[in-house]
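Have a look at the structure that comes next, please.
A, B, C and D are the chain letters, set down in written order, and residue numbers restart from 1 in every chain.
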Amino acid sequence: MLSTSTSTAVEDVNAEHGRPVWFQLFAPTVWEPCEKLVRRVEAAGCPVIALTVDNTTGRNSETYLRALPKDLRPCLACHEGGLGPTVKGRRMYDGIDMTGAAMQNPRMTWELVDRLRQATSLKLLIKGIDTREDARLAVEHGIDGILVSNDGGRSTETGRSTIEALPEVVDEVRGRIPVLLDGGIRRGTDVFKALALGATAVGIGRPFLWGLGAFGQSGVERVLEILQGELKLAMGNCGAQTIAAIDRSYVATPDWRVCGVAGNVQ
Amino acid sequence: MLSTSTSTAVEDVNAEHGRPVWFQLFAPTVWEPCEKLVRRVEAAGCPVIALTVDNTTGRNSETYLRALPKDLRPCLACHEGGLGPTVKGRRMYDGIDMTGAAMQNPRMTWELVDRLRQATSLKLLIKGIDTREDARLAVEHGIDGILVSNDGGRSTETGRSTIEALPEVVDEVRGRIPVLLDGGIRRGTDVFKALALGATAVGIGRPFLWGLGAFGQSGVERVLEILQGELKLAMGNCGAQTIAAIDRSYVATPDWRVCGVAGNVQ
Amino acid sequence: MLSTSTSTAVEDVNAEHGRPVWFQLFAPTVWEPCEKLVRRVEAAGCPVIALTVDNTTGRNSETYLRALPKDLRPCLACHEGGLGPTVKGRRMYDGIDMTGAAMQNPRMTWELVDRLRQATSLKLLIKGIDTREDARLAVEHGIDGILVSNDGGRSTETGRSTIEALPEVVDEVRGRIPVLLDGGIRRGTDVFKALALGATAVGIGRPFLWGLGAFGQSGVERVLEILQGELKLAMGNCGAQTIAAIDRSYVATPDWRVCGVAGNVQ
Amino acid sequence: MLSTSTSTAVEDVNAEHGRPVWFQLFAPTVWEPCEKLVRRVEAAGCPVIALTVDNTTGRNSETYLRALPKDLRPCLACHEGGLGPTVKGRRMYDGIDMTGAAMQNPRMTWELVDRLRQATSLKLLIKGIDTREDARLAVEHGIDGILVSNDGGRSTETGRSTIEALPEVVDEVRGRIPVLLDGGIRRGTDVFKALALGATAVGIGRPFLWGLGAFGQSGVERVLEILQGELKLAMGNCGAQTIAAIDRSYVATPDWRVCGVAGNVQ
């Protein structure tokens, strides 16, 4: 999934990638630039737009603030208006007038979701639905899928992990739309557990970055190889012969509960 | 909220503050000085008296006792009768005959509460109601509000945190009077959680002192700025657009329970 | 409570103490010496015999075994037959023929309890009843009281603490006989909690020894003073004006459970 | 129990042991060598075959991989095809054509279990049944006993301990076949708890190896002596006079639950 903040334009990424990526949309506070982003992503052939709602207001990153260098002049070469997000060098904003518009919208409502829903026939996901109440609204507003996410645990950082939030979202959605999950996937056993609890698929972020930082392209490929290998080992040791066979009974014990119902799922 | 033990008189504080403060009442063991304190507070224009019941008997403060200097003569300049509380230099006791009266009453009963209730038309809170049983009595005795507090965790220090005590008090009170909370509020997310669990408002103590000790007046202002900023971030990331919108559903998971009732609050 | 293993005879202890102590009985494996111990204790005027069942088989004390000196000759001056318990120097066995009898009985049954019950009209407690099943049997066999104890946590050391075992014993006994508790009482708040959970009284062991080791007689007195002072502070801060007023509501929260029943005790 | 990977042939082990051992079968991926192993075990007089299903796919053993020496030539003297399992020097494979057959089968199904069941009249256990669903299938497929095991916690290592899995297996089996357990048995109290939760017997592995490494034959005997001694101490302190008397009431507290049923087992 390619972020709106990408340093490389979506068209270039798609060309290198060989097929169009999914697009992670940060919705600007003004509709016109938001619509222009959508049109550009459509034109680039991306099949999916994931509206991001899990970190729209930022956070009080004290560790980051303490670790900042005293001399910010090199930073300010890009971050013209201070240290917040900036469109400079962000290729997706090329040709879009962001005057008066912030890159992220801390006051999004379901009206914006409806407007986006009507504005595009692409698959529209919401990234950052972590409760049954919001899952219900997402289904009611015609969303095509949910990505249970908390921005890697960095926003509202006293919150639950996404694996804890997954069951209530899955229970609310009742199979009507896919439910994906990211945040905390580090091992094949993590993938197995998320699938067992009802995720259609999982996303990863930092493992890719760690592989990339260590060994570049081959590091990223090795990360995938390790995760897929561990998933196969977990499947074999648990006796699940296909991905489709991984259901809640593989992690639910008799006294396990979700939504107030005893976990005896047989 | 200004303590009865203040080193500055309530009239002076109100004058500097620009509007009258709330007054935290330590009820003496004898009624007459207690009533005189109430009258003085009324005359000073304070709108609220909070009767303090959460640390009336003291505690076995071993760390403090071990850290005491061997030579107590400088301490005893004020603490004339030993190291306990003393009225000397406590401006609120000026002109009040405390002969035979202790500053705090370890044997308070609901009769004293009734007497205070009848003695004043100010809003009367009780600070230190931490159980549903006492919350019920507070409502029955005509109290105007409850402050869930355990004196910063220092009294009866094996007790529950106030955030753990809050739900049973809120459930007992059922909105009839406001329920406030202090103790342990260090982050905007703490404020968010207390409001979500039913607190009308929260109080803070040590963060003010830390800010004051580090930077004086501007440190205290910065503490408030940080807390309010973090509260706004938590609200934004949780999708709560107003303080009034923060309800229990923001922290209750489907298997969360309070008072024996499953937490499905939708 | 004076142990059968005391180095000082019960008559001497009673004389110094000014009034007769309770007697902790280790039942020998043979009845005659057991009965002789009972008769001697009766003659000494002790009002209570507590039959000890919480450490009759010993334990695998590895730390102790590793810390033993290599040269055991000084030990063996008393421990004639090896390092186990020995009657030599144990004044309570003076004049009792222990030939063929072990000092403790790892195969006690309720028949022995019945025999003891019929053999004496003294109050007969059992020390070491930690489950509802044994509590029921104790009541059925006419025992006058139960001491919930696990020999200070040293026997069957993966077991529950006595404070965890107390509620099920109290619930089973339903007030028909007193239930006492020892093990882990270190603070006045521990006493408060045990009383709140239904204990009639508590026993302490190591705090006495620590006080004795540090300051002798006055150390033991100071231990009692600290514990009683802390108990009074806890009572004051909790609003319990008498020992009799300390009931389960002081520690039970609404979602607290014992014996499968929700803890709403009001 | 002798593993298929033994370095000493089952006939030699039985001769030295004085009576035939149980045999732990790793089922090759091809039927013929599997059947030949069964026939050889039958001929050697072994009474029990335990089909191993708890680690058939291996695991991502990072610590092991990091600790490997750089120069693998000494290893490869036996591990001809790389570092995986190899038949070279494994006496049980002598005379068996393993061409095209892997030593362990990561794709075992209940059809293989049925085939084994029909192929031999020896007692057939499955080692590695850790859930109620698989326990039910084991009973339905005519298995003679279950060994709750997770290969010492090494396979699918985020899984539950076997002591946690035991109750649901025991509850599902309802006494129709024996349920054994291994994994984590280090003390006599561990044995006591497993028996109390319904295990017919327990197996140990590492304690034998530690005793063997330290003192050879006598070390192994001492391990057994310690475990049996500690079991007797636990039995004595709990008042269980026979192994048969150790039932769930010895570990179940009133609020203990298994399979959604409150644990009041009296």
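FYI, contacts are C-beta pairs under 8 Å (C-beta built on N, C-alpha and C of every residue); 3 or more make two chains touch, one makes a residue touch a chain.
Just so we're clear, the structure is a prediction, and the values are computed from it rather than from any experiment.
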Exercise for review: Using the touch definition from the top, list the chains contacting both chain C and chain D.
Suggested key: none
Exercise for review: Supply the minimal count of touching-chain steps required to go from chain A to chain D.
Suggested key: 1
**Study point:** Homomeric contact chain B-chain C: same or different residue positions, threshold half
**Key:** different
Check your understanding: How many Å are there between the centre of chain A and the centre of chain C, using C-alpha atoms for each centre?
Key -> 60
Study note, to complete from the structure: Cα centre of chain A to Cα centre of chain B, whole Å, reads 43
Check your understanding: Among the residues of chain A, which ones contact at least 2 other chains?
Key -> none
Practice item. Assign the assembly's chain-to-chain touch graph to one of these shapes: line, ring, star, complete, other. Key: ring
Point to revise | chain C-touching residues of chain D, taken from the complex the two chains share | key: 187-189, 193, 226, 229-230, 232-239, 241, 249, 253-255, 262, 264, 266
Check your understanding: So in the complex, which bits of chain B are touching chain C?
Key -> 53-60, 106-107, 109, 131-134, 155-158, 160, 164, 168, 171, 257-260
